[in-house]
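In what comes next, subunit A is part of two complexes: it sits with subunit B in the first one and with subunit C in the second one.
For the complex of A and B:
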């Protein structure tokens, strides 16, 4: 038993590590330009810089953002890629240089080409504004954003008058273009060559902090992520916890009752109603309730939308239970009704199945009272599958429902999650996903243990196997 | 026994039913009528209440009342007036010496200007604010673009409130950029140990490299990390400034409360200077992202002000009797406009006639009706029609399919293959008049606009292919100029600065311009005389109108609702109202 537990927990750590790696790489792929995002100017939204002048700016920003390091411990890329490719920071430049490299296979040549382009731009930027410099700035804009060498060659073509002031740079560029066009990657440069990047990489720096418990500060507002989570969890726990409790309080008796009672039309109708309730989407019911139950023109209005802040101010549940329950009742109802409907029919089917077992018939013939029959013999067996279900609900307790929380303005985990994703606050997103993973794994382990503890048949089969 | 479980639910239900207080409705209205507290709905939670670091536009609504600028805009006249400064600064052109060709601005901060703890507001505070901006480890790139032109910053040795700044050239927008871009922040709060005194502002400006500056000033990175922390973004002590309000509390995800400072020195100046108006006792910002919940809160009188109401909802509110009884409705024309950007670098769109034909082919009035239910006014140039600088001689282009067809025929387009779409031989190859239109897949209004444009253009023989992408991909494509046609919105600043979007080497998406227009723009930006400047501006607007690199659509009207107990004025500047100027009507 103990060895089983230890084995499960060790796989937990492995899966967490794998999840972190996947998360990290997914985020790097999905990430919008952080430099643009963080450097907003007053009215226009962002600053502008010519693509050939951008690399300098982005490298400076990378020092600030700690992203001037390799991504992972090792990299597996075609041999033609240099170890230092991660140093290129401007997103457009990364795209273009990658494509050029894959087309030619010669990194030194690609670098020379880009340096020539940048030097050309710098010379143009220093000359006085006139027809010639405007023309070349436009051409350079096109050249910098494309990996199609024929486009670049066409862009270099111009009248002698236009070319004259920059003839040196143009000749150098055209020479490089020629070499690039004839260069093709050799077969060996395609072969994947692993490279060891050492421990000073972005993933390691992030992960080592998390292991020691420092899950960092949110990049959105500078607050420690722990604080944000601590603030949001109680609300989600209350909403989801109450919803689950109420759902079970409804489902258990009603499910059992429906299994016990003789089959009738009423029973079929109830089943259909339950199915309909389960099918109604929570977000629709939520919006409907929001309008119906909170506005004076539609009837009663003793529910209020924005009473959360008063509750937060005055210290939560203990100080004023009635308004608190009132405020919670709408979101709890939206979460609970679907779950209740599902659980009722689940309970009904498991209970009827148990009632059909041979040992129930035997117990009946022994002359036991109905109450004993149902509660001592049938119910424990019917509850077994429910244990697994309950353990699976534990992660749901913490993660919350994004839709319900947004509609009812609950300041819980679901809303925190969606806000963090939308504002590119990856630190909070990571912590959230890791938390969910740990809880899900813990929930599964818990349900396994509970099953082993409560169901002697599972223990016995195990022992038989070991023999 | 089973039945007993049912009865557990019953008390709970009874509890809920009986605990409803029927008189709650009257209570809330009574409370409202005498309350000098303005409750404002925010669409999204601010990230930081820090003017330098915040990236969400909604944050500005919340931190603006906390700060004062050297000069600020009068809400009604939209003219820059002195706020922290005693008077409008003296501007001199420098004719000789080291700074020849530059401009010198002489500032003096008001005598009575003090921080909350009584310490005087001095030039050192402003210099330290600029040093924050130029710290290479802070994400303030957007603020550095103009301020890089500072060549010298001198504080008067006799009077710490007097200082001069020399810029390297003449800029008509220089005054606005120096006085209204960032507020003055309290040096003794963010630089309590005076470590910034060792830092030279000019050295920071001259070399933006973080590694070099780290060598010069080793503590600079730690300082930036310290400034990026929670204290200067959420904590009242770190967030408060010289303004009329102070931050009291911020409940995450729920609301932010600002309170008027008692005996604030600026109150005496409010009668003469509109920039010092601050009437409400408290400003409560409620964060309600969901529009349905927000409307419900509005109807319940839980919020007093709501802007950016969906046009259909706004119309419904104007018809609703309870809302009409408690709220006033405003539809100021907002300082923003929608336009369609055409990539003039492409062979099809490089022809002026084709672009103009496109402009004739779009029924803008139908667009306004369909997307905004009439809440918009047509415009013909990048400026706002209400501005005196707007070239009123330029009329919005009429919707005329015949005119469009005529222009396209003149440009050599004809339907040779009778498929309803015009074509022409470009470079020896038959090319169809087909343009890809980039639309924002996640915004319904953007997709509706796209569909309307497509159907309109088809009548003139132009094939518009809708390419719907998500917002991030759109931004990437815009940046790399990888688009043919895209609709966008812009916010219009009170002073038009064409060098940002219309100069050939600036953030110029359409590819408009040549050296002639660049010269005009340079001349405009350096012309201190307003009427001379407006002459050039109108010339430039006419050129843009002639070339049609952008098809100007319309300026939307803001849909705004304010509670009747306040005497409020709506303004064209976003968000359409100034809560600090809300006066409680005393009956």
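For the complex of A and C:
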């Protein structure tokens, strides 16, 4: 048992590690221009970096964000890439340099070209207005934004008079451009050059922070993701917890009743109704309820879907339980009915299975009263699988509550998730996915453990045999 | 029996929906000539039939036909009916020329016919469900079968080959990645990929030397399954789809398949584990029948019984996921008309009940009948 558990937990950690690697790379792949985004947020949307200064600004930011390091423990790049390629930080520069490098295969040449380009732009910026027409200067400076080769080419082909103040720089650029357009990477420079980056890399730093509970800050507003989650989690817990409790309150009596009663047409119909309830999409019922129960025209305006934060500020459940529960009632109902239907048929099947056990027959022949038979002998045995079931179902509930929270405006985790996606706040999104997958994995393990703890007959031997 | 009728109706709507709800008339006489616009579309595209210029303006509804036979629902899902803009209820007074051309399920905010979009929804839901589940089925049966048949102790390889395989796989991933980076246009990378594949085949077909070890195939595949299962399906989709630059239906289908294969694979693995130890399989192995033949002809047919049940449930799950995506408006290609996207409009206009009732009803009926079918299959198997 213990070895099985240890094995199970170790593979679980391995798979969680794999997930976090994938999520890390997705996050890196997805991140919009972080520096631009954060600076824009800080300066109310009026942030502009001149391309000449960009590399410097971005490098300073990268040090602050800890992203001036290699991505992973090891790297596999084509041999033509330098080991220090990750040090280039300005996204536009990365794009152009990568493209040039893949086209020419000569890193020194690409770097020379970029230095020449920078020198050229500095020269243009320094020229006094009398030396060159303002329009032309403006055009040249704007070219710095594009870092497009063809634009530079046209500048090189301008008339002598126009090129006069910076003719030297332009000649140098032209020479380098010619070399760039003739060179192609050799066949062998495509071979991978594996490299070991050591432990001081971005993934390692990110992952070790996560282990200590720091899951990063939002790339939108700079707030710690944990704070955002802390605000959202109670709402999701309220909705899901109430839904589970309600569902069980319905499922227990009805399921037992259905198991006890003799088979009849009535029972078949109830089964069908339960199946229909289970198949009824919650978000459909939610959106139907939304207009039926919240618009004053239909007479049910006492449910409202706004004013959640108001409710929270006033102290939540303890200070004003009735408005609180009323507000939660619609989302909870939408979450609960499908679960209740599923749990009822589950309860029915487990209870009728228990009723068929030999010990129940024995108890019956002993002449025990029916109430004693059902509630003392059958019920505890039928309840065990139900307890196990709850642990496994919580993650599925969180998934289900995403759409419900969006419909009813509940400021819970699902809403937070959708809002973060819509505002491209990838740090929050992926920290969130990681958190949910840890929860799911923990739920699965917990239900396994509960299964063994509650039923000593299970030794998990069959799975052991095949491992 | 009733289920069969229902499913054939759904299939019919999915396949012929565009001929039922279309703004192009079935038959029309225009400027003295007879046309069959609905049926002629592919021929016009091929250039075999020429249409008058008026037909090419997509103004089908207002042309002065001499004679015309329209389709049952004379609107395409995309048709904007300017006379009935802004959420006309099915029961309200509608501004249509003929009573038959009413919007039986109302219109949405920009005047599109809800019934036409509703019929289009069948095709979308069914194609996403069927395609993703068949991809997931193939992947799941393959991986589950591999894990179940070989387990951790039956896939023997000489040690040097096992190490080489690891090395080779890393290289393969590198080359495929490079092909993607350069869009497959770089000739030398394609040559390198070819060389790498050739090396793999050569080394793999070399004779076995020295000791052999068993590769833990089952452990590896179970690890992958566990990792994918730990991410709830909707989160997986919602976190991945926005990253794709121009998401299309293809991406949605592939991603749903990537989520759904694990359930099928787990079941197939368990069935293979059970069946491979039965006597008739051992007899077949003693007869020297090849492993693939044993799996395909002797194990799989016996394992499929319970796999069909998960197909039914996964199908329902895929349709629901598609509806969620449309409803949340994330990840589906822009402008796609689906049940989810119709229901999404209710969020802005809570009083437009017809935009919620009909699409939801379709989803509910399909889910319900799939559950029913799953139940029936279950009772058949047991």
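The rule we apply is simple: the second predicted complex is superposed on the first by the 262 of 467 C-alpha atoms of A that agree within 3 Å, B and C clash if a C-alpha of one lies under 4 Å from a C-alpha of the other, contacts with A are read in each partner's own complex, and residues count from 1 in each chain.
Note that in this section a contact is a pair of C-beta atoms (placed from the backbone, for glycine too) under 8 Å apart; a residue touches a chain by one contact, two chains touch by 3 or more.
Note that the structure is predicted; figures quoted are calculated from it, not measured.
> Applying the document's definition of touch, where does A:221 land relative to subunit B and subunit C: first, second, both, or neither?
In the superposition, A:221 contacts subunit B only.
> For A:199, decide between first (touching subunit B), second (touching subunit C), both and neither.
Touch partners of A:199: none, neither subunit B nor subunit C.
> Look at A:290 in the shared chain and tell me whether it touches subunit B only, subunit C only, both, or neither; answer first, second, both or neither.
After superposition on chain A, A:290 lies in contact with both partners, subunit B and subunit C.
> Which partner chains sit in contact with A:440 here, subunit B, subunit C, both or neither? Use first/second/both/neither.
second
> First (subunit B), second (subunit C), both or neither: which does A:25 touch?
Neither partner.
> Pick one for A:4: touches subunit B only (first), subunit C only (second), both, or neither.
neither
> May I ask you to decide whether A:362 touches subunit B, subunit C, both, or neither, giving the answer as first, second, both or neither?
A:362 sits against neither subunit B nor subunit C.
> Could you let me know whether more residues of subunit A are touched by subunit B or by subunit C?
Larger number of subunit A residues touched: B.
> Given the touch rule stated above, what does A:407 touch, subunit B (first), subunit C (second), both, or neither?
both
> With both complexes superposed on chain A, which partner does A:389 reach: first (subunit B), second (subunit C), both or neither?
Neither partner.
> Which residues form the common part of the subunit A surface touched by subunit B and by subunit C?
Overlap of subunit B and subunit C footprints on subunit A: residues 287, 290-291, 294-295, 297, 406-407.
> Considering only the defined contacts, which subunit A positions touch subunit B in the complex?
For this pair, the touching residues of subunit A are 32-33, 35-44, 46-48, 50-51, 57, 60-61, 63-64, 91-92, 129-131, 134, 137-138, 141-142, 145, 217, 220-224, 228, 231-232, 249-250, 252-253, 256-257, 287, 290-291, 294-297, 300-302, 304-306, 308-309, 312-313, 322, 325-326, 329, 371, 375, 406-409, 411, 415-416, 419, 423.
> Spell out the residues on subunit B that touch subunit A in their complex, using ranges where they run on.
Interface residues on subunit B, with respect to subunit A: 1-3, 5-6, 8-9, 15-16, 19-22, 24-25, 45, 47-48, 54-56, 136-145, 181, 208-211, 224, 228-230, 232-234, 249, 251-255, 286-290, 292-293, 296-297, 299-300, 302-303, 320, 322, 345, 472, 475-476, 479-482, 491, 493, 500, 504-507, 511, 513-515, 518-519, 522.
> Considering the complex alone, what residue numbers of subunit A touch subunit C?
11-12, 14-16, 18-19, 26, 29-30, 76, 78, 102, 185, 187, 190-192, 275-276, 278-281, 283-284, 287-288, 290-291, 294-295, 297, 395-396, 398-399, 402-403, 406-407, 417-418, 421-422, 424, 429-430, 432-433, 436-438, 440-441, 444, 466-467
> Name, in rising order, each residue of subunit C that touches subunit A in their complex.
151-152, 170-171, 174, 178, 181-182, 186, 188-189, 191-192, 218-219, 222-224, 226-227, 229-236, 238-240, 242-243, 273, 316, 320, 323-324, 327-328, 330, 343, 346-347, 350-351, 353, 356-357, 359-360, 363-364, 367-368, 370-372, 375
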